[in-house]
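You will see two complexes here that share chain A, one where it goes with chain B and one where it goes with chain C.
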Partner chain A sequence: MHTLADAPTDGRTWSDLDDFQAFIDAGGMVEPGDDMPDEFRSEVFRFIEFHANSELMGGLTERDWIPHAPGLRLKQIFLAKTQDEIGHAHLLYMVAADMGVKTRTEMLEQLFDGRSRFHNVFHYKAVTWADQVAIAFLVDAAAFASQRAVFAECTYGPYKRVLKRIVAEEGFHMRHGEEMLLRLATGTDTQRVMFQDALTRWWWPAVHLFGPDSPSGDTDPLIRWKIKSQRNEVLRQAYVQKYVPLLHGYGFDIPDNELHQDADGLWQAGSIDWEPLKATMRNGGPDSARRIATAAGNWADTAWVREALEQ
Partner chain B sequence: MSALSSVPVESLVRLVTDAVASVHDPEYPDVSIADLGLVESITVSESGDVAAIGLIPTFSGCPALDMIATDVEAAVLALTEVQQCTVEWLPGPVWTNERLTDRARTTLADEFTVVLRRKDGGLRCPICGSDAVVDQSLAGPTRCRSVAWCDSCRNPVEVMR
Partner chain C sequence: MSLTPAAREYLLALADDEHMIGARHTNWIGLGPFLEEDLAFCSIAQDELGHAIGLYELLLDDAGTDRTQLDAFALQRAPGDYRSCWLAEIKCLDWSDSLVRHWLYDRAEDLRWKALESCTDPVVAALSLRAQREESFHLAHAEQFLSRLASTDQSARIVASIERLMPIAFGLFDSVATEPDMLAEGFITQSSADIEALWIDAILDDLKRWDLDVDIVAGPGQFNEQRRTVRSDGFDALQADLLKVISLDPIAVW
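And then the complex of A and B:
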């Protein structure tokens, strides 16, 4: 039986990109010791670095809300989620650093200098507790769908092995999100209004998370090399399909005037304004500067720990 | 409440045990909580329709406890023979990784690349079989795991504590 723990065959080489593509198309899995094409190395590295940065910035947000979570049980859940996200970032940074493009310290310093990228959803401000619920219910679900689609293929062995555990844990977070949403949705009018306001703030960032349509045909190298198994627009459409009826079912409004069901009964989002996404990718989102500065402050404040560990 | 069926209590205990074992850990979707060693006691009343399940947590701060208890209750109540079910997290005995069954160890290693420390303190890489596994951090993504690195196949390896 093929398992994720199959011993990798190291040190393979390919004569050119076509030869490498044939290996990928035949179901091949690339391992760290392989002489992978530079293009593959740099694309996969960038993708994992982005994922690692996003887990770290997401974990810092979860942490900020531990004191504000209502009740001991939810505090415990937020503590655990924070540990999950930071732990995921750690594993991903290990895999990324091993690819030899940047060291872990370089990745972190560039992130804290505002010279790196992370998921758009971590560039917005969470205003009330309901925002955290909307993030857990909507954003975690979007991230989960996107990660699961990477795990489904994922031709870089170490990344796929880490993703297995990440996807399992994110699935667990989603159940917490559903539980928290249910509490607000069946709560007082004030709670419902709080959630509606949060939904209005977070719907579009969640939809944006999947990114604009993938480049046409097979021109997206991440799809061609089977890092991503699905095109962005396919994942986005599946998400809209699932979450519109769920949110309507709880009696909430989705902030999209053009949202409608087509002749086949499929929900179609209105035209999407991608400018807010582009702004976050330049670290120019509504809360980017504060978040990056806070993370940089943490990094500076904990320098003594790193120094002590090096003694 | 009267006994609903003529099923003997021993058979009911077996049914309830199977139902409990059908619950998987939320963070390891392929691993049964029975194989993780979380199930400490299962009793069924003489009347046959009340089940009491005693579980022990891997770590007391584990965020999955409520979810696991809810899943266990639902699985047991899905049995038509059982009318009531209580699930309790017991204060003892303390969970250790010796409670993991071989099946759990195999799945954790093969599917999740999570291993247990050997008696001699060493670690064997679940991916390439090398002993060149170096501890990296006591804190992993969950309370029950730490993080190591295999210098041989260059993969992160997680260690069940």
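And then the complex of A and C:
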């Protein structure tokens, strides 16, 4: 197990990208004090910043429903879950800031200015409580699969160490999502109809979360540098194999007319329309403008506190 | 041991206060000035709701009511049956107000739980000790934050919040109608008036250390006759928010 104490105090250097790649291929772990190649620093920073932004915007999505959670203990649970998500963002922003590309404040201000990106799923509105359940059941599971695949290798030391905690906590969130879905699935007609409607809204955004197929061959630098251990399409396919039978088992309809099992019994999703994903990456999703504006407004309203504490 | 009607009324007031302040703190999560504050308010809100749950379950057990009725009891009473104070119920529109409310409330809460640590009911005494451990962190958070802000050019903003909230903060010490019975029974050792006096001393001491000049007007009086039975403006909207999902289907289990 790596700890911060493992980070070398004298930065390592590499003669060129081939030398660096050989270090990675031999199982090397990059630490903040290393003289990492600019390309690696830039790509990994961008990936971690995106992850941090997504954790924060995810927490803000869930916070809106905490008061409405149907029960005192559920309110506590959603408080704890939101605390986890914001806590993940907090850790990730620190890891990203230590890479020396942007400060935490710069990252947050660019997020609230609409100049940086976050996961597609948090550009949608949670319309009912069942959307919260769909987020916990479908989105947390997709994020969990994606993050676990990064944690499996992840050659940037601080990110891997933080991911260990994040993945553990996301595992609890996923289990909680399963428990809540079970209550709706075995509940009243009102609850089942609510969840079916939510599933219809959230299925495709959850599938989109894995992204389009990874670039062919060896051209995805994040795979080449072993930040990501799996190609997008592999993760997406594993997700479909797991969640289609689960949802069918509960008697819910998946909004994909072309969904079918192939000759090997594998579930194959229909053709995927990537336009909604592209829209969210331009911050042009269905609820992007409201969500970013709300976060920006809150940031502006509390500027006086941050400014005062700097005196 | 069985609680007397007086003890039940007293504990219900504390439970409702904890519930309402927890619910109101929840509104600030994600809206704080920086991530660390969001995390702190998440913890504090969870603690306050936890205190409320502990007291509500105690009351349910005492009444012989199954704990599955927790949410019905906590969330679905008629407004006139709640005993919360206005400071805990109101919606703060500004971060400064929310922070000052947190300080005023937790200063009082700490003293109120201390008054129960020798309670003749061992379950109440145990709850008191747990709550006091958590309150020490809440108070440290409020004190350190306000102390820091009071030393900046934003001190006038803090003073304005204190002046705005102080009149209703005295409602924290509106005794329930049955408090004299409780004192006579030895369930509590300090009256609300005793606790109020300690609270004023603590508040004045804080203000002196922070070098803030605020007039503390003791006992505004208008609350005392209400005996915590009158809800503040906005309570109906708050309760509707809390019930938004539960009220969709009366027989559903969520």
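We adopt the following convention: the second predicted complex is superposed on the first by the 299 of 311 C-alpha atoms of A that agree within 3 Å, B and C clash if a C-alpha of one lies under 4 Å from a C-alpha of the other, contacts with A are read in each partner's own complex, and residues count from 1 in each chain.
One rule holds in what follows: a contact is a pair of C-beta atoms (placed from the backbone, for glycine too) under 8 Å apart; a residue touches a chain by one contact, two chains touch by 3 or more.
These numbers were taken from a predicted model, which means no experiment stands behind them.
Of the two partner chains placed by superposition, chain B and chain C are both touched by A:Leu79. Contact with neither chain B nor chain C is seen for A:Glu106 once the two complexes are overlaid on the shared chain. Once the two complexes are overlaid on the shared chain, A:Lys164 sits against chain B while remaining clear of chain C. Within the superposed three-chain model, A:Glu233 lies out of touch with both chain B and chain C [touch as defined at top]. By the touch criterion defined above, A:Trp304 lies against chain C but remains apart from chain B after alignment on the C-alpha atoms of chain A. When the two structures are aligned on the shared chain, A:Asp213 is found in touch with neither chain B nor chain C.
In the superposition on chain A, contact of A:Pro32 is made with chain B only, not with chain C. In the superposition on chain A, contact is made by A:Gly87 with both chain B and chain C. Looking at the shared chain after the overlay, A:Gln191 reaches chain C, while chain B stays out of its contact range. When the two complexes are laid over each other on chain A, chain A has residues 73, 76, 79-80, 83, 86-87, 90 in contact with both chain B and chain C.
Residue ranges on chain A touching chain C, taken from their complex, read 56, 59-60, 63, 66-76, 79-80, 82-83, 86-87, 89-90, 93, 129, 180, 183, 187-188, 190-191, 194, 298, 301-306, 308-309, 311. Taken together, the chain C residues at the contact with chain A in this complex read 19, 22-23, 26-27, 29-36, 38-39, 42-43, 45-46, 49-50, 52-53, 56, 70-71, 74-75, 94-95, 148-149, 152-154, 157, 241-242, 244-246, 248-249, 251-254. On the chain B side of its complex with chain A, the touching residues are 26-29, 61-64, 66-67, 109-114, 126-129, 136-137, 139-143, 145, 147, 149, 153-156, 158. By the touch criterion stated above, chain A contacts chain B in their complex at residues 3-8, 10, 31-33, 73, 76-77, 79-81, 83-88, 90-91, 94-95, 98, 157-158, 161-162, 164-166, 168-169, 171-172, 175-176.
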